[in-house]
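Structures are listed in the sections that come next.
After this come two complexes, each holding chain A, first together with chain B and then together with chain C.
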Partner chain A sequence: MVWSMLLDGFATVSMPENFIYLFGGIVIGLVMGAIPGLTATMAIALIIPMTYYITPTQSLIMLLAAYNAGTFGGSMSAILIATPGTPAAAATVADGFALAKQGKAVKAIKAALLASCFGCLFSSFVLTLIAQPIARYALKFGPAEYTVLMVFSLTIIASAAGRSLTKGLIGGCLGLLFGCVGMDAVYTTPRFTFGVLKLSSGIDLMVLLIGALAFSEVLKQAGHVRQAQNRPHLPAPACKEDSQFTRDDLKLSWKHWLRSSVIGCVIGALPGLGPALACWVGYDAAKRSAKHPELFGKGAVEGIAGAESANNAVCGANMIPLLSLGVPGDTGAAVLIGAFLVQGLTPGPLIFAESPQTVYNVYAGLILCNFVLFGVVWFTYRFFAAVARLEGSLIYPAVCVFCLIGVYALNSSLTDVWIMLFFAVVGFVLSRLEFPTVTMLIGFILSPIFERNARRALQLSFGDYGVFFRSPLCWAFWVITVISLVTILWGKRKNRELQDGL
Partner chain B sequence: MSSKESQLKESRMEQLAGVFFALLSLLLYFVIIPWQIESVRGAHPSPRSFPEVIAALLFVLAICLFISGWCKRSRPNQKIFRMSQEEIRQSIITFLVMTGYTLLLYVLPYIPVTMAALGVLMWIYGQRKWWKLSLAMLILPPSIYMAFTSLLKLRLP
Partner chain C sequence: MKVKRFVVLSLVLLTLFALPVFCTSASGAYPDHAVTMIVNYSAGGGTDLAARALADAASKHLKEAIGITNVTGGSGTVGIAQLKNSKNDGYTIGVATLAPLAIVPWQLKVPYTPEDFEYLCAFGQYGYGLVVNSDSPYNSVEDVLQAAKKAGKMNFGATGYPQPFAMEALGKSVGVEFIYVNYADTAALITDILGGFIEVALCDQASFTSYVKSGQMKLLASATDKRWDSAPDVATLQELGYDVALLSYMGLCAPAGLDPAVLQTLRDAFAAASENEVYKEILVRSNLVYTYLPGEDYKKMVYEKYEEYKNLFSERKQ
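Presenting the complex of A and B:
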């Protein structure tokens, strides 16, 4: 059943009218990922407005392809200009740029490409195998269990994102409050609408996402645009082998691909961690297990393999909580939730019953996009040195224009643009003061599900708050919350020490 | 680039943010929620319950943040939040240009307003090459307009 639906998915995605969107997503993601300051998440936030009027399969494969390609694209600028295009490529700079300075930039790009494609492919297969069984189990959750699951997700995301748990939770509370705007779901009384008719239908997720993620990033980068860009001179390859990914490189890399892909899958499946952490953990694991760890940072192919497999493995794995539980794992998944909702699909356990073929088309698209990404980069990598050096004075004004048109296109309303500008300021202030914006976004997404389930549980128990501690499943979630909280906080402390040491 | 910059120690920032969020939560709990959400008699939980719980939680977290900042106040190697005046100026100007752009869209058509906004932003960000400015202004807005109106069948302002 699973495999036949997956095969159908491949057939659907391979059709020219769908394949073109997958290809387009890869190109846009690669270009945006390769430009320092523009992230893979920003790429998908800006693409979503273009997907309002296409089919769910076309839209979702395009966005996932952009997300995967954007995550890889960051490593191109990391290798070529020593500036990670995305935070997820930070660990690639050390070895990637060291190789480039030795005239081996092409070898570094090929090493990063192979590692990234392997990582994403691995996690896509894991996603295909385990998302549906988890979703089937999640269907047994009652409202009390779902409420505790929301507490679990928010706490874990708040503890994992940013440096401070308190700041993360404050961001989560703000998101929950913004999620209350609109009509009350039970009594249909207006809440926080301040007399604005537009607000009675609530704040649109895409408006918040584009404001708090994309436009706030432009406001953040605005002060740095005028600064001169570094244009390091890279030597030409000394011999043919300097541009090739040889059999010896493969022998050195394959174990790191596998190990880091597992690491990336675990990190991606846990809410809140994301690719930026995965790349460092993957890099550290590769360094620890390498025969010559002293070469790390001086141009080790294994360093690139460890970091790149881990960060791209997150792309598939963070779809696991999204599809099976309806909980976005990081900002990328939060933006993807917006795309699902725009298409009339609600991510969560029911999606496997309501639109199973769309889900399998998405799986097929995710798997196929790695092969297409491989082909595109293999033949066009020379072009990306120029892309990575595109001037900010050209890029950021264009992003501003896209932010405005993307928000306007949603409802043909300029009121949405004002709301977007408001969230841009909120996102700008929060991120300047190191409050993680991701917790606000995820709090906003989870707010209606959280409130609906909490109210239903309380109504069924006649107002008894003990309902959240009654079933064994609730207790299991509370225990997992505490254990995960302690583990993540301990892990983050270790990761900080690790980054200081590298 | 101007060397003048605003600095804020982490402890100070946490204390200020703690006070801000504590005041915001009190304002929410005692003013905004009663003013903006009608109470429903006999309803449990009522439409006010969830926002009230979050406002209370926000207050507790704000106090925790303030205490955290207070405890760090004499720590020697604190993180310092810096922002140069140039950065602040550029961010504010970008925001103002976007505000003006949005306002103009109420009265003027999309393409000329977008051309102007694009040109102004590029100029602010230091682009002085006339051919790059004109190329971007002449190509991007009409392309977006065509893509959204012809392909996506949207009506732009």
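Presenting the complex of A and C:
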């Protein structure tokens, strides 16, 4: 029954009148994802008004294809110009751009593409086969469980800290602080808004990201322009192998693909977390289990594998709570609800009664879109990679303009542009003082989720702290947290290079 | 040399992108070029979808395109503040929902009052209701009140104002304390009800209809003056004898000082557009309530609610 409907789904989706929408979604998503500031979520939001007049299947496969391709597209600019196109690609910048600087840009793109397609394919199968039980289990996560999960996630800051734990933790605290800007979660009191209305809804992740990672890179490069000769932005590959995803790379990567895909599935199935967090958790897990974690950040294919499988696995896994419970997994999925509704479908258990074939068409579309994405990128990456041959003095002005326009386009807000420029300076100063900017980012992503859930859990228990120790899930996460801390501190004791007083 | 090239190229690219801004000019009969509509919530949400469909229909009557710009943030106030600061030539209009016009000004410092706008119309109503998990032992509003009385206090979830006022009024009527747990993100409220972490919620119809329809949640009462379209058997709080009804609308405004003729043109266009079938269909599918209030009526309502919530919030501070 399941299989025959899935087969029907494949047949429907591959019909030319449907396939063209799938293909279109991929192209739109890829381009928008690759442009910094235009996120995968925005791609969906912009496509929805176009979907009023097409069939539900056409609409949904186009949107999901755009979402998936957008999430991958972000890593393209992360690799080539060190600018994450979407927040989900932030963890790819370090290793992707490091590889590109060694003349291995194409290898990095291929590694990201394979990891992305594997991640989404994996989660699509999980979605098709065991969505219901997973979604029901996800409901066991209440505010207290989320809080302890966030406590565990905070340990990622320590392992992302690099050489100096002290500096890493300071960066993390800065991120937590920036995450507090806006109305507080319980009393809606404005905090750190300085009377700026826009700040009362907090700082947009994309704005902080583009400022701290991309624009600060432009500032850094502007300092270098004076010395630069007429040389290309990125060196040419030294040998043929530099542009290939070799058997050795595959051997290194496949474990990370699997592990990160599982991580991505879990994070996608839990509402409210999203791919921006998944990429860091996936990256961190890959780093901890790698044979040579010291190579991470200096051009490790494994780092790309870990981050990209995790964030694309979220794309499929996001549909688990959406289709089984009607709850969106993240902002991208929340926008998708609108697309379901205008088609007269109710996301959630009802859809299986209203239009079961549509659901299977969506499954088929999700699975198929990975192969199409793979094909499209495989035949076009040369055009993207041509960026590498341009001179730095051409690239960075363009990046600078894209950053400004992209941030403005996000909310049509000039205030956002100023905030972005502020974080460009923050990012520039931090990297000059050799603080790892990424810890600030991770802190910023975790801060609101942590605070909201911690305060909510306490409110619901009328102020009883015991709520964080009541369920077995909470205990499980406490145990993982302790193990994680012990391994980090143990690793520091063994490695003399990392000792800095803490 | 290199530095110069860097700077020059940056400037050239920026100017290129800025050019279209200077290319619009106003002359002749209104409207002679496209109108911009600011939507104060993010793209893809219920308000946005309804506004886009309405704009689509209205542009046929105006014979000019209506472009949508989503200006989000500050619980919907940022878009309205931007509308206030726009030129009052009729080429910038905006969605101004009741909450950011009349409620949020008493929580946040906003740079506008209801007097800064001309009112075109109200085009849709938000519905509200009291829901519980379908496994909940409570089957009526009475059950909830009894349980709250027994416990002395009870938590309830809501995604923002005005919902808590309804719960407060309900609690006051029988002398129990309901404690507001704020869920800024609707999805979190939904999962916490489904997971049984919070007992009751006063929620909005647009985001919760699907769970009531699918049987995951029970609707105990509608909290507006109308019953829910999807649950015509469930009474409103008023019908049950509690004097509680939340009214909140989506409206359209323009900056104050608009030429009366232009204002009339816009009002006529949107009045005609609100009869459009595609628009009605999208409104109903997004689980919003179809309504149309003429500009003057919406204006009166905003002014009244502005004063009403001022009193409610000042009572609360004492």
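The definition used in the following text is that the second predicted complex is superposed on the first by the 283 of 502 C-alpha atoms of A that agree within 3 Å, B and C clash if a C-alpha of one lies under 4 Å from a C-alpha of the other, contacts with A are read in each partner's own complex, and residues count from 1 in each chain.
Note that a contact is a pair of C-beta atoms (placed from the backbone, for glycine too) under 8 Å apart; a residue touches a chain by one contact, two chains touch by 3 or more.
Since the structure is predicted, the reported quantities are computational estimates derived from the model, not experimental observations.
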Partner chain in contact with A:348 - chain B first, chain C second, else both or neither: second
First (chain B), second (chain C), both or neither touched by A:173: first
Which superposed partner A:405 touches (first chain B, second chain C, both, neither): both
First, second, both or neither for A:52, with chain B first and chain C second: both
Touched partner set for A:222, first chain B, second chain C, both or neither: both
Partner chain in contact with A:186 - chain B first, chain C second, else both or neither: both
Partner chain(s) touched by A:417 [first = chain B, second = chain C, both, neither]: first
Chain B versus chain C as contact partner of A:393, first or second or both or neither: both
Which superposed partner A:198 touches (first chain B, second chain C, both, neither): second
Set of chain A residues, in rising order, touched by both chain B and chain C: 52, 186-187, 190, 222, 225-226, 393-394, 396-398, 400-401, 404-405, 412, 459
List of chain B residues in touch with chain A within their complex: 1, 13, 17, 21, 28, 32, 36-38, 40, 43-47, 49-51, 54-55, 57-58, 61-62, 64-65, 68, 81, 83-84, 86-91, 93-95, 97-99, 101-102, 105-106, 114, 117-118, 121-122, 125-127, 132, 136, 140-141, 144, 147-148, 152-157
Of chain C, residues touching chain A in the complex: 2-3, 5-6, 9-10, 13-14, 17, 42-46, 48-49, 52-53, 69-75, 77-78, 81, 107-111, 153, 155, 160, 179, 181-185, 187-188, 190-192, 194-195, 197-198, 210-211, 213-216, 278, 282, 285-287
Complex contacts: residues of chain A adjacent to chain B: 50, 52-53, 164, 166-167, 169-170, 173-174, 176-177, 180, 184, 186-187, 189-194, 215, 218-220, 222-227, 391-394, 396-398, 400-402, 404-405, 408-409, 412, 414, 417-418, 421, 424-425, 428, 432-435, 451, 454-455, 458-459, 463
Residue numbers on chain A that touch chain C, as the complex places them: 42, 44-46, 48-49, 52, 138-143, 183, 185-188, 190, 195, 197-198, 200-201, 222, 225-226, 228, 271-272, 321, 325-328, 334-335, 338-339, 341-344, 346-350, 393-394, 396-398, 400-401, 404-405, 411-413, 452, 456, 459-460, 462
